[in-house]
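One chain, chain A, links the two complexes that follow: it is found with chain B in the first and with chain C in the second.
== the complex of A and B ==
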């Protein structure tokens, strides 16, 4: 880990009944937005819960800002704003009471920021938490996470359940937040279009394992999808073939080097730059190929 | 940190504290017929149990345990706080009960009976043992776990009772209650001796410490 890493996850393993996280490693440099993508049940939430020390790993290590997340739990968590996949606040208590009860734990808690964000998000701060819609509950969780000047935001599916307008607004806020180079964001989602807008690094989780982890620009610049007949697959170097699936018209192949692909298959196949959607679908739902 | 956790519980669970007030209204009303020593002790234990169980139940109901443990606190601090808060509430309930019984004009027990040092120590023992038994279950398995634990104890008790009946050839259910009463009375009387009191308090402290270590071990392994 370099001193400039916000998160370094090394060799995480966790076994549950019917599911196992296997040797998960990735890093997020400070000052960047990292996205965890993968289908439901891939293990994204488990990884985030391990980082937050809500789940105990069977093996592996987590460092946040160079500090072991368990040995320096208080310091690490003071610097994290966390948004849960299912916000679990006290249902019969008002949002304002939550602010008073929970804000006191954070040394850099700022009531003025809470008030401003609550107003901008049109949150009814005197209402009970359970009276809010799911989208509003997520907004409240975001306000709590953003009100203590956290150096690292960790968000588990924050955009699920939000309307498109607010999703766009949230992503804009995350980009603005990153203008402060000390701040970093890790968020999981299965809405890949959100990450395409803002993420700097992508980590794809498939069946409890890291299928890929690399800068988004490298992925979008160099990865491609080729569409052609079944014979095309045989001409692609297995070293660059990362996933494929058979369609009615032929096959789709995901490759990690567009130039090598063009050299290999010639002009008869259709080649497009890969989107995050292509990457996720072809690497998780299609026939995945090892790197 | 403990103060922050206490304030968090006061703000987020204040309704629970208010919900316990009916107990004290009843105590004030019933003081004319009550045995001060016994009732004050029982009430302290009941209040501590209700608080312990209800805080756990509310966190379960709202799936809020993850929120609590994602705050900048360690699990060790969280467990330590729960033990301290349980004792605090139990002792506060006991003191409030004693004061109420002493000041209502129709109260049967005298102030001297109520503020008897033996009764106070007995209350502390009752509260501590209640917490020592209940908290590990609540912290690791939630409220359902506590009830499973209580149910298991009842089954063990029933089995022991039936075994005893089979051996002796008689169902001496009255004898069980008499034995329990004797234990309570002799403990209460024994607290008059400084040596006995010291031994009992040391034993309770040891049980509480062991319960705390068990809770810590359990919650360190709890996945949320």
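== the complex of A and C ==
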């Protein structure tokens, strides 16, 4: 691995009852935003939990900032800001008390940043954590993550349950964070429009496996969706056909090379640029939960 | 610098940036030596990925429109008069080529096209 990777995941496997991660590998270079996308239950949260050493894999390795995440757990975690779907804070303790209790574990903790963000997000700092709405709890988790000058922000479904205004605000804050080119962000979501613009790298997880992992621009500039009749599928080179599904009035096909597609199919098919939603839906078409 | 990104455009975002910056440099709206936003600042302002803004700047630099000075920033490159004239000619050529393409699609003959161009030039002068 190059020392400039924020995260490098190699060959992760984990077997649970009724679900397995299989040979998951991807990397996120330092200074960029990476997105983990995939349907619910695909394994995104498990991967993040393994990176955070909350779940132990059966096989595989995780390096964060070039360091083994278990051998250097304390250093690695002090440089990560972690926001997850169901924030794990104490219900009966006020936000301010959380700050006092948790801040001391981070060498670069900054009270001034906490105060500024808490007031920008209008957080009731004297209230107990459990009295907060879900959106407020997520905001608090984000404030905690941003207050210790983390080099890597890892977020599991941070935008779930948030209104569009705050989602925009969150994305703006991420790119502000990236003004420092040593900082990186990994976030998982099934709301792909959040990632479509700001993400640099996209990793699609499907049934516990990496279905694709590549720079987002390559995906959105070269991939396309063609809609036509059933005969169209036969004219598409299998090497570029990445997914398809039958609709009531024709066929939809996802291809990884729009130019080759245009040469291969006639003018009667309609071709659109692929969106992340198209990629996710068409690559997982036929899976039980995506039907 | 003024950049407007259309999500619905079939053109990739980096191409939209390249085209708009070039147009502004050729038109003289961006003056030689003017400081441009950093790659990361541009990405933040447009809410696009860093890779996208880097690719746009790489392309502009390769074509000689901008210069990056390590530690100082990115600037509009010095454009010599002849070079600029050549670039403007290229814009004219591209637009004429598009017009020729349209004309051929509808079966216009060279004579008709030349006549149309002559009339347009007379009108404009």
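Please note the rule applied: the second predicted complex is superposed on the first by the 285 of 291 C-alpha atoms of A that agree within 3 Å, B and C clash if a C-alpha of one lies under 4 Å from a C-alpha of the other, contacts with A are read in each partner's own complex, and residues count from 1 in each chain.
What we mean here is this: a contact is a pair of C-beta atoms (placed from the backbone, for glycine too) under 8 Å apart; a residue touches a chain by one contact, two chains touch by 3 or more.
Given the structure is predicted, the values throughout are model-derived calculations rather than measurements.
J.: Looking at the superposed three-chain arrangement on chain A, would you call chain B and chain C a clash or a fit?
T.: Once chain A is superposed (C-alpha atoms), there is room for both chain B and chain C without a clash.
J.: In the overlay, answer first, second, both or neither for which of chain B and chain C A:84 touches.
T.: The first partner, chain B, only.
J.: Examine A:215 and indicate which partner it touches, taking first as chain B and second as chain C; both and neither are also allowed.
T.: second
J.: Touch test for A:171: chain B only (first), chain C only (second), both, or neither?
T.: second
J.: By the touch definition at the top of the document, which applies to A:25: first (chain B), second (chain C), both, or neither?
T.: Neither partner.
J.: By residue count, is chain A touched more by chain B or by chain C?
T.: Touched residues of chain A are more numerous for B.
J.: Is A:52 in contact with chain B, with chain C, with both, or with neither (first, second, both, neither)?
T.: Touch partner of A:52: chain B, not chain C.
J.: Just chain B (first), just chain C (second), both, or neither: which does A:179 touch?
T.: Only chain C; A:179 stays clear of chain B.
J.: In Å, how small is the closest CA gap from chain B to chain C once the two complexes are overlaid?
T.: When the complexes share the chain A frame, the smallest chain B-chain C C-alpha distance is 29 Å.
J.: Output the chain A positions appearing in both contact lists, the one against chain B and the one against chain C.
T.: none
J.: What residues of chain B sit close enough to touch chain A in their complex?
T.: Within the complex, chain B touches chain A at residues 4, 7-8, 11-13, 15, 58, 61-67, 69-75, 220-221, 223-224.
J.: Under the definition above, what is the set of chain C residues touching chain A in their complex?
T.: Checking each residue of chain C against chain A gives 10, 12-14, 40-41, 43-44, 47-52, 55.
J.: Inside the complex, what are the residues of chain A that reach chain C?
T.: Touching chain C from chain A are residues 31-33, 171-172, 175-176, 178-179, 181, 197-200, 215-217, 220-221, 273.
J.: Where on chain A does chain B make contact in their complex?
T.: Its residues touching chain B are 49, 52-56, 73-75, 77-78, 82, 84, 86, 88-93, 97-98, 100-102, 104-106.
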